[in-house]
Amino acid sequence: MAGYFKKMYHSISTVLTGLGVTIKYGINPKTEVTQQYPEVKREPPDGFRGKLFVDINICTGCTACARICPVDAITLKTVRDENKKLRPVLFDIDNARCIYCGLCVEACPVDNCLYFEKKYEFSAYSKQDLISHFGLGEVKPAESKTEDKKTEAEKEGKEAAQ
Amino acid sequence: MTELINRILTGMSTTMPLTRLLITILIMVVSTAIVLAVSLLYEGFATYAERKVAGDIQARIGPNRVGPYGLLQFVADGVKLLLKEDIIPFYADRWLFIIAPYIVFTVSFAAFVPLSYSDHVSIANLNVGVLYMIAISSVVSMAILMGAWGSNNKWSLFGGMRAVAQIVSYEIPIVLSLLAAIIIPASLNLRDIIAYQSGGLGIFRWLVFNNPFTLIAFFVYFIAAIAEVNRTPFDIPEAESEIVAGYHTEYTGMRFAFFFMAEYGDMFVVSAIAATLFLGGWQIPFIGGIPMPVWLREVLQIGVFFTKVFLLIYVMMWIRWTLPRLRVDQLMELCWKYLTPIALFNLIGASVWVLLLHDKGVYDIIARVFTR
Amino acid sequence: MGVLEDKLPDNILFTNVDKFLNWSRKNSLWYMLFATACCGIELMQTGAARYDLDRFGAIFRATPRQSDLMIVAGTITHMMADRVKRLYDQMPSPKYVIAMGSCANTGGPFYKDSYSVLKGVDKVIPVDVYVPGCPPKPEALIEGIMKLQKKIMEEKNLVKK
Amino acid sequence: MTKADEKFMQVNMGPQHPSTHGVLRLLVTTDGEVLSGVKPYIGYLHRALEKIAERVTYPQFTPFTDRLDYLASMNCNLAYAMTVEKLLNIEVPRRAQILRVIMAELNRISSHLIAFGSFSSDMGAFTPFLFGIREREFINDLFEIACGARLTYNYIRIGGVSKDIPGGFIEKTREFLDYFPAKIKEYNELLSYNAIFIKRLANIAVISPDDAFDYGITGPNLRASGIKWDLRREEPYLIYNELDFDVPVGKGEMGKTGDAWDRYMMRIYEMEQSAKIVRQCLDLLAPGDYTAKVSKVLKPPAGEVYVRAENPRGELGFYLISDGSTKPYRLKIRAPSFANLSIIPKLARGVMIADLIAIIGSMDIILPEIDR
Amino acid sequence: MEPKKIYGILSEKFGGKIKQFIESTLPPSVLVETGAIADVCRFLKEGDGLDFTSLMCLSGVDLKEQGKMAVVYHLHSMKQKHKITIKVELDRNNPHVQTVEQVWPGANWYEREAYDLLGIVFDGHSDLRRILLPEDWEGHPLRKDYVYPKRYHTWDV
């Protein structure tokens, strides 16, 4: 019999303790932690891994990023221009496939060439809209010698970034 | 209502039975429409309030984009649900599936009828009001089982079985604890019960303060009432994490909305019974004795009644967002091992009290000691 | 509502009714609790206190019968694809789908070398909005939902297309 | 189906069910509310990680380990990095080791917060779930500062960590550590010692030490059975041997040792210990290199290793065979949840449906790790 | 206990059935003849002083270059705190090995997994079905010569 009432006391007291915790939140609007997103936007910290951006003018076309990418999100096609320099004519990043791991950014040998923007809201109605095109388009080739290095990440032993 | 009809009819010169019948029907339809509109509005706001209360307790905001402070949220929800595709599962028992939501809703709406909202405002002044409420609220279990069985879904069936077991069991502590209060005014008429609770600064003659037994009866009733309307911690018939959505798993659109609204309707009804029987109904606290115009008194009374009901509903919401859920056997244990014996002993105690002291409450005794 | 389309004139009343219907749909996007992988956690966090999807009237429902929006959060394998299709079929129309994260968009990390992952959920069900990210930040998901709301507002139910 | 089975009802729980923590499918045989057997079907999230490992290079596989157990990505990164380092014989600089411990322990806290939260929502209390996630957001912010991502970090790399922590990280972590203990107290008041919660969990699904050994159960689930086994203590890696922390074990406070409540409580205790570890590490943090010199092309010598680390869910083991090329020859992942889940058919016999939810929740399984 | 010593105990007990001791792996491994694996495992668990109460991991390996398959058992004793790896090699074309499910019940799922992904058949297993892949899946993906399927049900892979 004593156990019966003890149990009852225990139940009631713990339930009331719990109710005490929630009512503190219930009546105090200061406990709110909600950030009203479209109006209040938090600036992502430095080094945030958002959308990839390529400064195509300083890209050397080394394809290090395309080779290191674990998911083949980068499609790169390079052509040698009249100065015999490699130029990326096609540089597509499929944001729908990118996993934002940062390996390509670390692999890029040129400073500030391939980097993450602090931009992360770019949903789209179509999957095609999620591919960002950076390529230079047509570049006058030196001779008719083109090199197609489209996503040949499989070349073994040649993983060197430089 | 009946009084109103009588008054109008006696005031009329015509004696044509058909006209009288038509007028009666007209008044009934109009008043039903008003009550329906009010109850729908209440149910809409209750869903909104539930989400806001949940938001407050969970340190977030809740709906605030639709209309000012998100007040139109329930309009959007309602219109959307109305326009949703109406799916009746192929293997469902069509008729049971279709009529179950209507029965649930009708029943919860019918329970609004005998409530006394103020001195003069009530739809039907039944002299067996309490009995009627208890009787009508147990029809819900049947309708839920119909819907659950008709869905032909195993999770629904689980929900339906649980709901019936739960509602049927919890009727007993509810009735026993209500009896402890009813024997004092010795009436089943809700208005008589409220009228009995007047005086004593407007709060001390409430039945809940009448004697220690009614105080206990109030808590027993409130706990059992939460179970009766399937709210957490007793929400096992629709336990989301266990049986998906319980008895309304297969319901879409408006049919689901009926179940949903009925839940909030039931919440109002059980809270209203608690307010009426224990908390003095529409008795205005403290300033009830001051003379004031009839219209002001009526408005105040309605306001006081709804405030009491909404406070109780808030407590239900507060409990819902705090406590974990009981298991089905523990739910039964709580009913049969704790609430029912307590209510039973409580009823005996209250009877002895009434036998010895008639209808004198603690307040009356103290008041008499002091005035002497 | 296709029957009415040709017979009714394009007038103001219908346009406004249309707007009202769309408004109610957009503000009451109940999403299904459907999370398979990493994005599911971000989906939960979006619904939680910091970002609070409830502000937009979006709450989760456990059953597909009562949801309007399916947020495909996470990898869909071939084994799961049938189930996704079935869940989509169980939802009452009008229904919308958001593909959340790279896995649901294209198979993401498992695009290249995995034999068992469906390369994009749009192979089995139609997708309205693609939210990129792996996983997307909650903000990005909310932006995707807002984009879907914009799309819903442009829908035509009664007036001529 | 045999003759005896025909008495029972078979219900499919999952792969889309609110509380199967993802896409687990359980074929439940029930007699009313009581289960007579459970058959788990897994593989709905089989993503072929082991095959992928054979087709990508060693550094390229690190992002995939993020997605192995996404609630504890740092710990998975760490275990994989340690495995490859063992093959390559790389000595990790001290600063990198301390950073790894900080990240792993913070991730342990955030993982346990989800375990706590999702368990509470399984039990029907939704508010603690949101509270857990609220605290988790703080840790997510810390990780976002440190490595730029909220959930899939790819931070701990072969040889060290991907970059040094930026300024302000230490202060913010200390801020979190000061804020956190009060919240744990709140969780306990709200949920852990709640009578309903205890009633649901005490004496449910007791795992005896022998069963735990037989099924290879590890981590908090093993410790809840009263066995003091923690790899961080028994086979210290990184700098764990310099740190002062307790290994909590189940004592059967509310029922038998090794019941569901003990398993739940282990996680609360471990969060406290992890916070303690992080605090010590912050004090130990001295300037230095954040990564060892690792060539960009990794060609480990031929050989095989089996390395394990203490993850929030148990021992994560990597069995790695190298044939001297740039890609692993075979990588077998020993996932803790895989072993933990395999005991469920044994535990879930003669319990009720609601208990099954409690059992799954208390094991804290995670599907991508089971299916890989 | 040192792995070498465990090897000594084993070869004393089982003689020729214990083939080889490989020290280079971590933890060091003992190569056991295919037919004796169940007995060896039972002895390792129940034999005096060894106490290998738990099976840490059971993995199947496809050694295509050698035309073999292997099953690798990582064992561990929580009481004695020692570890060892047990290996058996199987014929690649017809991989059969005895189950150790009766020794460690937890091995049940590991063996099903090895069957699913590599096609190794565990004789005496109580419930040898596919575990991770659908029942109607073709082939065993972790084999080195596995060809990725083109279509599954109604969609492209």
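As written, the chain order gives the labels A, B, C, D and E, with residue 1 at the start of each chain.
Simple rule for what comes next: contacts are C-beta pairs under 8 Å (C-beta built on N, C-alpha and C of every residue); 3 or more make two chains touch, one makes a residue touch a chain.
Note that the structure is predicted; figures quoted are calculated from it, not measured.
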Touching both chain A and chain B we find C, D
Fewest touching-chain hops separating chain C from chain E | 1
Approximate Å spacing (C-alpha centroids) for the pair chain A, chain D = 25
The distance between the C-alpha centres of chain C and chain D, rounded to whole Å, is 30
Chain centre separation (chain B, chain D; CA means) in Å | 46
If you look at chain B, which of its residues touch at least two other chains?
-> 54, 57-61, 240-241, 244, 321-323
Numbers and ranges of chain A residues touching at least 2 other chains = 15, 18, 21-22, 32-34, 36, 70, 99-101
Can you tell me which residues of chain E touch two or more of the remaining chains?
-> 133-134, 141, 146
If you go through all the chains, which pairs of them touch?
-> A-B, A-C, A-D, B-C, B-D, C-D, C-E, D-E
Which of the residues in chain D come into contact with chain E in the complex?
-> 42-43, 46, 48, 50-51, 86, 213-217, 227, 229, 234, 303-308, 315, 317, 319, 321, 330, 332, 334, 338-339, 342-343, 346, 371-372
In the complex, the residues of chain E that touch chain C are 133-134, 141, 146, 148-149, 152-153, 155-157
In their complex, what parts of chain D are in touch with chain A?
-> 56-57, 59-64, 66, 127, 134, 137, 144-145, 147-149, 152, 154, 162-163, 166, 186, 189-191, 193-196, 296-297, 325-327
Which positions of chain B touch chain A when the two form their complex?
-> 53, 56-61, 318-319, 321-323, 338
Can you list the residues on chain C that touch chain D in the complex?
-> 33-38, 40-42, 44-45, 48-50, 62, 64, 74-75, 77, 79-80, 83, 87, 109-110, 112-117, 134-135, 137
